[in-house]
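Shared between the two complexes below is subunit A, which pairs with subunit B and subunit C, respectively.
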Partner chain A sequence: MKGQVLTIDLILGLLIITVTLLSVVLFLPVNEAPFVDDANRMLVLMSEGVPPDWNNTTVIIPGFLTDNRFNATKIEYFNNFTYDEQRALLNIRSDFNITFSQNNTTLAMCLSCGQQPLSYDELLPLRRYALMGSNITLMEVHLYQ
Partner chain B sequence: MEFLILSGISTVMLVVLLVIGTYQLQAAQEQRAMIAVQDIVSSVQQELITANAVQDGYRRTFTLPPTILNKPYTLKVEDQGAVGFVTLNWSNRLQSIRTPVCAGTLQPGDNIVRKENGQILCNS
Partner chain C sequence: MSRGMYYTLDGIFAAMIIISAVFLLLTFSSQSRDAMPLQTTAHDAVMILNTLTLGELNTPEAVIVRDNNLTNDSDSVLRTVALLWATNDPVAENFTRGVFEEFFPQYSFAVYAEGTRIYDKSLTAESSAVFISTAKQQVSGVAASKPVAGNTATAFLRRIENKSTASFAYFGGFVGQGNITTNLYLPSDVDATRVRGLVMEMDAVAPFTLRINGADCGYFTPVTANMTADWWNISSCSNLLVSGNNSFRLNFSNISTSYVAGGYIKATYRSDVFVTSRNTNVTRYDFPGITGVINLFDGFIVPSTLRNLSVHLHYSSTDPTVITYLTIGEKTVWQSNQTGEVDVILNDSNLTYAGLDYLFLSNKTVPIRFQSFNSTETILSGGNADIVVITDYSGSMKKDIDSDGLGNSGLITNCEGAIYPDNDIRRTHLARCLAKEVINITMNASMAGNRLWPVYYFDDRVYNYTNPLDSVALTAHYNAGMPPQGKEKTCIACALSEAYSIFKAYNQSNRSRYVILLSDGLPTHCTGAGCTGISSAYGSQACDGYCDESGACSSPPAICTNSACKPAMTNAYVVAQKLKDDFNATVFTIAFGPVESCTNATDTLIKIADITNGTYNHSSNPQELRKIYQNISYSILERITLVSQTAKVPEGFTPSTLYNDSYVIATHDQPSGRALPNEIEITRQTPPFASCTPTVTLPTQMRFQEAHIVSYSGQHWTDFVSVNNQVAFNLSDFLVYYARLGDPYRVFIPIQNLTGVNNFYINTGDNTTNSTGCSNNNSLIYTAFVPSATPRTAVLENATGCSWQIDYDDGGSQFVSIPPSYTGTNQCFYTGSLVQYDSTDALQVAVYEILLALDFDQDGRIFVSLNEEDLEIIVTKIGSVPYLWGPSIVEVRVWQ
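Coming up: the complex of A and B.
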């Protein structure tokens, strides 16, 4: 009888330890540093870029602004790159999607900037405002992995 | 007999935990390496952008890490007309970035960037 109790105790103990260790190993928080790095890199879009008058041939770093306003031509240039080229230009590893809107209406521009997330584990939204022409325009970037 | 059964169960659990732990560690190492790769190409890009923005006579030495996670890497500089490309090759993984055109080569360790006659010279 004593031996049986001990066996049950041991099995229970082992189970508790195993479940605890497995939980720690399997559900350790994913390192979010790369995700945050990518978010910081995306902020270059709120600059003029390099060179400031870049186009599809001369771009080194893409930026959507000219004189602190969104420049539709630069956005169109960026839109012309393939998704992989856009990620390489931004030097990011996460997936992303960019949309522009004015007064809660999505603009029909930059429709190929990034790609819509079909599924993701983590999603990080970034919202930045600037004028486009004389209208306040919202750029929404969604980073996801 | 009971002792043997329990020892067996414990050993199996230990092996499973070790395998999962090793897998997690490898994934973390991989992530660290890719961050390092991104940071290195980004710092090279910034050095060349700075050199491009300033006047002739500019000269600067910058240092890149000698290895990434104790494994060597190489840098290739290419000129594709209006822009240049710097490609980092680490363990057969390539990471390219656009830069201003730079004549010469780049390497792990110390690099000298100069600007003469409007041209950026890398270690040359």
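Coming up: the complex of A and C.
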């Protein structure tokens, strides 16, 4: 009898552990931590970059601002890089896409900043505001995997 | 319950805990990720509002705000929100709404300043928000219910009118002898109509007539008193003045008294010139014109490091025996017997070859002496002393110097090797050596002209030796002429009477007369003419001598204190007084040996010295006595110069002329006091000091350019001046014997030594050990700069101006609207009785500050007169000049 109890107890214990592990595996997002890190790295775009007057040949870290306003020239410089170069400059592993809009109207600029997601498992939107000229401009970044 | 069941339930419970923890972790992780856009929105909103300017904003509220003059288009929107809040402007809420609703329509938000909610738009209640993002920004210069912008003003004088200032023409320490000419310079904008006063102060001893620019100004009779100046108001002659140089000529009648021992002519006038243009690297001394006998004692000032010196001498002499010379400091830089008109320029090479040390002369008042007498008068600065050396050869003189024991006998003449080192030497031997000290010092080659007579009383007789100009013979006489042993009684009156007879027999008017009286005892005899007369013969015996002829004392304690010797003492005083009255003779007395214990003896010698302005000394030590004799001899040489500032000119003198185009030009480094932009130059004189140690309070808001003491020294020399314990002038730096030195009337005071309260010390003298006090007429004359502009005022709330009542130093008063456009009702006062203005009005504060600067004596009266167009108050009302209060915190909250 004592041996029978121990067998049932063992079976129940194994069952509980199995259920717990399955739950964690099923509900945790895939590669969540690196995804958030990439989001933080994208924030560098809300700076002047390094050097502050960087261009396609001098860039070390890309940033879109000059005197706290979006600088269309810098954005265009970034747009000129290939997608892989852009990811390398931003030091991210996730895919991304950037759009600019004013008053809910998308601007025809930075059209090659990142690439549109065809499908994704995870999507993280980032919204940053700054002046471009004297207009409030929304820069929307989508990170996805 | 079975044990197995218990374990089963326990395991299920543990599994539920683990699964719940995992789900919670996943939930919060998801929420954090969803909140990322919101987290940055508040920060972005603050950045945008801090970047976007009011001028770039086109909301209807922005138009309203721009129209209220509170802000500038360049102000950020965030600062504008803060300014509207600080001033309790009701448009603050609508302005903020316009900004946020346009740009962030999808969020709930609120804006706070220092915790006070200015505006909020709540799509959901802030209290129920899941995520709240906040960002803060400091805004400087704003605070709740405080003005955010003020006014600042500055004031400066566009021009001045009727500045009260003065020009001086100075006479040196001794300017003579003859008719004297000096020049007074008036600026180009000053003529007779602008002269407010003309005064003359000088120490002269004889009447004179004054001519200004060739026209007669009157006849002036000074009150004769040593080192005392007379003061005359000659403003009635000011109509004779012109712009530029003005000639003042003093014509005397008697050549011997035709001199000025310090003084000045001062013209007070009104000027419109801020600063007199001058080359501050150059100091020029102009010689006065002298027609008669050139006899000048003066000084010139080198206010910094001397680089170059140039001297122009223009004079004429008529006698080839006259040596004309110029000394600068103690160096003779020019010496000539050339006759006729002499015009010579001495340059650096001439002057340095003569021994001038420019570094030594830097930052000093340099004495200057120019003389051109004929040969019979030059003796005044060489040797004109008649000296009688009286030696006691009474019986007591055979004793040794420090006791009543008999001294060594025999004739000993070796002073250096045998007599001075011997403290027991016989008194007669030592007396011989001491007399030879006098000969060596007073009759050396450079003192040719001094005369000396030895006189003795011995064996109830008085002797003299007459070969007064031959120092060799006199020395030989002392070596062998008298016996080694004294004898008989003491008749001091007889010896003084013999000196009187010698002065009378060899009387010359330009001699200085001195008696050196050595005695070891009290007087025992009167003269042959009795105790109230003078005669070199002994009269009746008045008392017993201190010691008898054998050397044994009689009864000294009694006669040293009783009245037995009084007649002989009185007789000595009578003769001393006659020497003083008839020959202005000075008697130096020396108590020899232990005589100081005998009261009557010392009293006699002290009183004789007092009667004749001499000195009394005593000692029993040979070396000390030697020093006493040397000092007396040097003192005689220095006292010769007592009369030498005045040349005693005989009849038929040969005239000489000094032309007043002669000069000394000193080129030196830039002195520290020079005019800066926006300054007014003024020259001021303190009241007479009436003391040798005056305390002078000077205005502290001035910046001094130069300062000097004017010192009347009469026949003496101004030899020492200090300010605040710093030596400003020491004549003995140049030479301890003053005879060949100049006597400056103006003494340079380094401006860096001046403070608000200044303690001066002024002294005159004839040598380094003799002080003759100072004049009560001395004063300080200084040139200083007063600011003609004020710094910007602090930021103040108002700037309206005022109608001012302003008092002037000359007694006038004026009403002035400042700025001229002001027509309001504000009343302000800057008067002797009331100073009143609004301290919150930038215009009024600026005006007050410049009036205060122009009122350097702070008596409520300014020293320039103002017309409305003269005092131009430049008001720079800089809008939005921020105050320093704050900063205030503006906070933006965004939530969902």
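Just so it is clear, the second predicted complex is superposed on the first by the 115 of 145 C-alpha atoms of A that agree within 3 Å, B and C clash if a C-alpha of one lies under 4 Å from a C-alpha of the other, contacts with A are read in each partner's own complex, and residues count from 1 in each chain.
The rule is simple: contacts are C-beta pairs under 8 Å (C-beta built on N, C-alpha and C of every residue); 3 or more make two chains touch, one makes a residue touch a chain.
Predicted, not measured: the structure shown is a model, and the values here were computed from it.
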With both complexes superposed on chain A, which partner does A:Leu22 reach: first (subunit B), second (subunit C), both or neither?
first
Using the superposition on chain A described above, determine whether A:Gly13 touches subunit B (first), subunit C (second), both, or neither.
second
Could you tell me if A:Ser134 is touching subunit B, subunit C, both of them or neither one (first, second, both, neither)?
second
Where does A:Leu111 make contact in the superposed view: on subunit B (first), on subunit C (second), on both, or on neither?
neither
First, second, both or neither for A:Pro125, with subunit B first and subunit C second
second
May I ask you to decide whether A:Asn68 touches subunit B, subunit C, both, or neither, giving the answer as first, second, both or neither?
second
What residues on subunit A does subunit C touch that subunit B touches too?
28
Counting only contacts in the complex, subunit A reaches subunit B at residues 3, 7, 10-11, 14, 18, 21-22, 25-26, 28, 31, 33-34, 37, 41, 50, 57-61, 88-89, 91, 93
Mind listing the subunit A positions that touch subunit C in their complex?
5-6, 8-9, 12-13, 16-17, 19-20, 23-24, 27-28, 32, 36, 39, 43, 46, 67-69, 124-131, 134, 136
In the complex formed with subunit A, which residues of subunit B make contact?
2, 6, 9-10, 13, 17, 20-21, 24, 28, 31, 34-35, 38, 41-42, 45, 49, 81-83, 96-100
Once bound in the complex, which stretches of subunit C touch subunit A?
2-4, 7-8, 11-12, 14-15, 18-19, 22-23, 26, 29, 33, 36-37, 40-41, 44-45, 47-48, 50-52, 56-57, 102-104
